[in-house]
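Report on the structure given below.
As written, the chain order gives the labels A, B, C and D, with residue 1 at the start of each chain.
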């Protein structure tokens, strides 16, 4: 059995798998962590890994537009959005999430289940992945857990954050499944939409806070039936 | 042939339809000028109805071979991928029912000319006139629709316009409730009809009635029975059969009386038309239980209808309940006919069918007449409560006379039309006994006996209705002030009264008109066998099974008037007549309070049928010194409408409670909403594995 | 003349032009003009599509087939009605100090953008672009929902945007899967096109697993935006809290736009897997939506919420019709789309008048006898209601009948029966609820500042159109609908 | 089938003549059975003539219905009588209607009788009408069922046919069907003619009378017609009973001999029925109004049994 030097693509897929795993870890930390600021940091790190994956993909099959995606992710999700949310949180002055729907132990248990589900759903398509293995599974898990995070937390900010992690999952899937990510125009559109969405959400959170004197979304329950 | 007309029924029908259309349109155009609108719309309706009448008669006379006359409409709604020939088809059955709608229609239109004046100033006469025309138009269209699509459109327009007419005086909450109940029931029925027709569509691949003919034959039994039940329910709601009748006594009274007349006289007959059309024309040879079901429903409806009518002291509600009774009688004819078709006795089936159809026309005539009379009374006394009436026979002589004739007719008293059709029903039931060996045949005499009970109770009910309303002293000031209605109102009632007498004395003319109808439905023509002695005597078709001649009876009766005359000449010529007070047991004269009330009149019946009515009574006495002499006494007595309280109310509550439970799903928590989506997602993902 | 581009640019321009404008009158005028222009363009587009089959622009970035053309017509018609109605509506609100001028400007700026986004949805050739156009419609309308800045309206907006974004994230996920499926057959190394015109040709070679997951995700995602139960929960909130013209547009078209996006996936899935898979899902969700809507209508306390649930009912019917997937039912569904788009806004406009006059939407607080105060509004509302509950002479009766008969003709007897039951149930509900307020006596003639002309132009326009098209449908429309049906049915 | 004017005249005369006699007879026999002398048999004729001579007092509240009623009651009973075979098996007016017409005509008379009772506005009249109509209503099904039973046997509702059919070798009374139907119809007869135990023709106690209560306001000529009509109705029902169930001796052709025989037989049979009525009336007490339904439902059950037996004993 001889050791021959690994091709860049093999190394690439190793790295991608590693980063994907990292994203998953951060996601799980997000689920248990209650401090809002820490949550934002964790999200930033997760996005950083996503950018890294994009970069690696771009490098491996030297596709310029994937670099662009990486850069956009870096600017948007790693720097701009965390900064924005950070500002919001400081302005509002609420530091931590109180009484989520499920406590940490239950959450972890459920997330384990979602991970399982993610992998099960992704299994048939591992053959299609050209880079990394089971990245798709990770992506699916990210989406599911992000979703879980959304209805587990009550603070508007956390829900926005969760939404963004779902987005991350989707982008990861895009990279994992299609080698090159989506066509550039789509990527741009998605990025643009994301920014606007966060702006709008910010505006709403602000208005809600000033008319409800809180950003606890479980207080938003006057519309019934 | 006494009536050989050259002009085509088609032209006349087209004239009638356009007449209604113009009547409606003109009324809307004259919105601001009630008087003009009244004359235009109801005049138009009168002309149109007359054309319709001629069209029907002409078609029945010419189409004696069962041929149908049809016209293609301009291709409205032709954009559907299915091909739906928009064609009106005036076949014999349709023509007969056009007759049923047009005859009362023209009388009621005349009546409305005077009646609607009462609305001028307080509410829109134009709307009334327009809707009235639309209603008549829609009903006529229902009878001549050539395919299920057109039929359903006409059916729904009919329901809509009648709903609006029922809610015409929408300020009263009672009216609004009644309207909604009516429309909801009617729409549930329509749902059944849609499914029924579409099942036939599924079978034949077409919506054309021509294609539907005997389409049921090819279907598997289960599907046929499903179709039968769907149509029975759908048309049954409209016809007001028990237990689907609850909307009827609520809706008919609150409508303006001319509308009640049309609704009770004709509208509910659209259900009968549908049943005749579907059961005899579409579904092919019926299994026995269909006929048994229809006969049973008919008997039950007849009996319960009249029993509840007896408990009413609201004149119009009373009449409405009688509609249920008469629908029952009609259905007895139809049901028996179905059974005979099954057992292979076409002639007998035809006899029963004729009985049903004849009663359909008769009921249309005398029920419209009675409602018009009730309307005149309402118009004069401003109340529907019989306990506040009385003594009207002196103040409204003609109305009283017309109402009396109507009452006698609906109580099936000779020599009027009601008796003739019930006689035919009896005869068919009687002969039905021989058609089968099974125990089923006991149904015929039993339901015959129950029909007799029904008839007798109806007589009791109308003695009460006429006696309390028109006889004795007025029970209220408004009754004392009552005035006779306007000339057109009397004319309208007069026409129907004459129709009652005519249809009683000369049934054979109508029988000849019925020939093509029976030819179409059962393949037999009986008018020949049914009339003997130069067409003056009605027989059962079977030699020696019984004959009757209202004409003969009338003549004999008039002839025998000689006897009292002779007696008077012999003895009584010197006897004089004085007007004196009624015997008052030596009190200071009788007051209206001492008269028998409507409630009191029906008390024995209420007691006898306790089990059904579950009467409740509340008596409150107040004394000042001795427990034996009450100073004030308050007495209340209620009768329970079993279907209302035992079936519909619980059902309604159940649905509402269920829905309220469901509202908990939309409790406002966004977390919950997210979870719904999440669960859906997970389930679907698992599905794809 | 670049029709498609203009269709998107004109409203966008009109929206931006409102930024500097001063008086509401000018802004509403701008809106009306823009909508008139788009309507004209839509009709022109109809002609072109009938001639050339498919119209493409900007080297195939924009593309319009029969289905798109049909949707374009719906959008422009409804938005024209809303624009006509909005002017007087906000004038009354301003007089009543219900909103600030700034917010009114917000409306007049955002609404045209909303319209433009919807046009982009139906005209985009690239499904990714279609996705972010749908997201754009959500983003442009959410602030409209929050316009009144009441606590309830903010709540509604928040639910709308959160649920909407989640849904759209899933839709994006679905889009990604679809793209992966598209990549699959393509040669390694080159970026395959994501254009509809390309996908429809290669659809049969897609990987079945991927397309299944793609469709399921799109179903949940776009289904949320289209308000299919059980993802519909934002719908009644948003519809009831938004200003009436916005409610009209949301229920009149935006639901159908999301459905359109879903349909694109449905078509591809059908082309790949055959009719069974996606059709059954659509049928199931459609029926479920109808049955969820009915009881809520039955015990509803709020006028606009009731209307919203009735929209849910109709969307369900459309969905079911398409799910049954025979030419007849699809045609009926498209027909129903059109008629509903014309009828429902009228109801919302009338509800708006009632709201502004009686300062409440609760049946209990409105009370009986509205007719005594707002006769014309009530007349038009009753007509629209008659249409909405599916009675002749209005076309919804025909389209419903078409769908049901199609269902039976296709042997789906149970589905047909269920549809009838649900329709009858919602009929009972709406009839009973409206009878609580419209007719009856009223002693306090609290007419407020209501004028009988309020919003009549818009209502009459839409109702007139509805009535005319119910009785007589121009050949061109019939043809476009037939072709659209063919496209959906997979024979285009 | 043709109409024979002579027969019509004769039967009319027979009805007019025989009816008062029957009620007189019954009154007289009843008195005898109760050890009273009682009125003469001919008393009813005298009464009728007296009434015809007397002036009339008409209530001030009465409307045009009041004077019409007596004529309708009288004539309808008479016409009904002409449809029932009395001496000859062929009833004079059988062409114009069978048993159903008879029932219908009697109902017509009752209808107007009740209206006449309501018209003057006295409480008694109302009470009488109410009870009359009620009892008639619950008597109707039993009557109809009994009639149906024989009609089915004869396959006709034409009384002449029924009579001819039930004539024949076998002695019909022994047939259980006919026996039960006969009893049922007899009970109905008691109810219809206002006899004890249903109504007491002799009383004028306000609260117990039914038929008399309706006549309370009638006087003179009208009263005569009413009473006479009532007795004719009674005679018609009795004739129906006897000739349908024991048609023995009835003339099938109009030869003097046959007629004489049948006349004798007819009178004999009538006397038997009258005797039965008298027996029942003297041996029973009047029932409470709300017990009457029990009696009549018993009749109904009997009739039903009769019907069942038609093919149980076939």
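Note that in this section a residue touches a chain if its C-beta (ideal position, glycine included) is under 8 Å from a C-beta of that chain, and two chains touch if they have at least 3 such contacts.
In this text, all values refer to a predicted model and were calculated from it rather than measured experimentally.
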Review point. How many hops, at fewest, get you from subunit A to subunit D via touching chains?
Key: 2
Check your understanding: Among the chains, which is located farthest from subunit B on the basis of C-alpha centroids?
Key -> A
Revision key, fill the gap. Chain centre (avg CA) closest to assembly CA average -> B
Point to revise | Centroid distance [mean C-alpha coordinates] between subunit C and subunit A, Å | key: 32
Review point. Whole-Å distance, subunit B centre to subunit C centre, using C-alpha means?
Key: 45
Check your understanding: With chain centres defined as C-alpha means, what is the inter-centre distance between subunit C and subunit D in Å?
Key -> 78
**Study point:** Separation of subunit A from subunit B, taking each centre as the mean of its C-alpha atoms, in whole Å
**Key:** 71
Practice item. Enumerate the residues of subunit C that touch no fewer than two other chains. Key: 155, 158-159, 162, 166, 170, 209, 213, 236, 296, 299
**Study point:** Shared-contact residues (touching 2 or more other chains) in subunit D
**Key:** none
Check your understanding: Hey, what residues on subunit A touch two or more of the other chains?
Key -> 121, 147, 150, 217, 220-223, 225
Review point. Touching pairs of chains, which are they?
Key: A-B, A-C, B-C, B-D
**Study point:** Residue ranges of subunit B touching subunit D (in the complex, touch as defined)
**Key:** 390-391, 393-394, 397, 400, 404, 408, 411-414, 419, 423, 426-427, 430-431, 433-434, 442, 445-446, 448-453, 455-457, 459-460, 462-464, 466-468, 470-473, 533, 537, 542, 544-549, 552-553, 556-557, 560-561, 563-564, 567-568, 570-572, 574-584, 590, 592, 594-596, 600-605, 607-608
Review point. Of all residues in subunit A, which touch subunit B in the complex?
Key: 101, 117, 120-121, 144, 147-148, 150-152, 154, 217-218, 220-225
Review point. Taking the complex as given, what residues does subunit B use to touch subunit A?
Key: 663, 666-672, 674-675, 678, 681-682, 685-686, 688-689
Exercise for review: Please give the residue numbers of subunit C that touch subunit A in the complex, ascending.
Suggested key: 126, 128-129, 131-132, 135-136, 139, 142-143, 146, 149, 151-152, 154-159, 161-162, 165-166, 169-170, 172-173, 175-177, 179-180, 183-184, 188-189, 191, 193-194, 207, 209-210, 213, 236-237, 240-241, 296, 299-302, 305
Check your understanding: Within the complex, which stretch of subunit A touches subunit C?
Key -> 61, 63, 121, 124-125, 128, 130, 143, 147, 150, 156, 159, 163, 166-167, 169-170, 173-174, 177-180, 182-183, 185-186, 189-190, 192-193, 196-197, 200-201, 203-204, 207-208, 211-212, 217, 220-223, 225
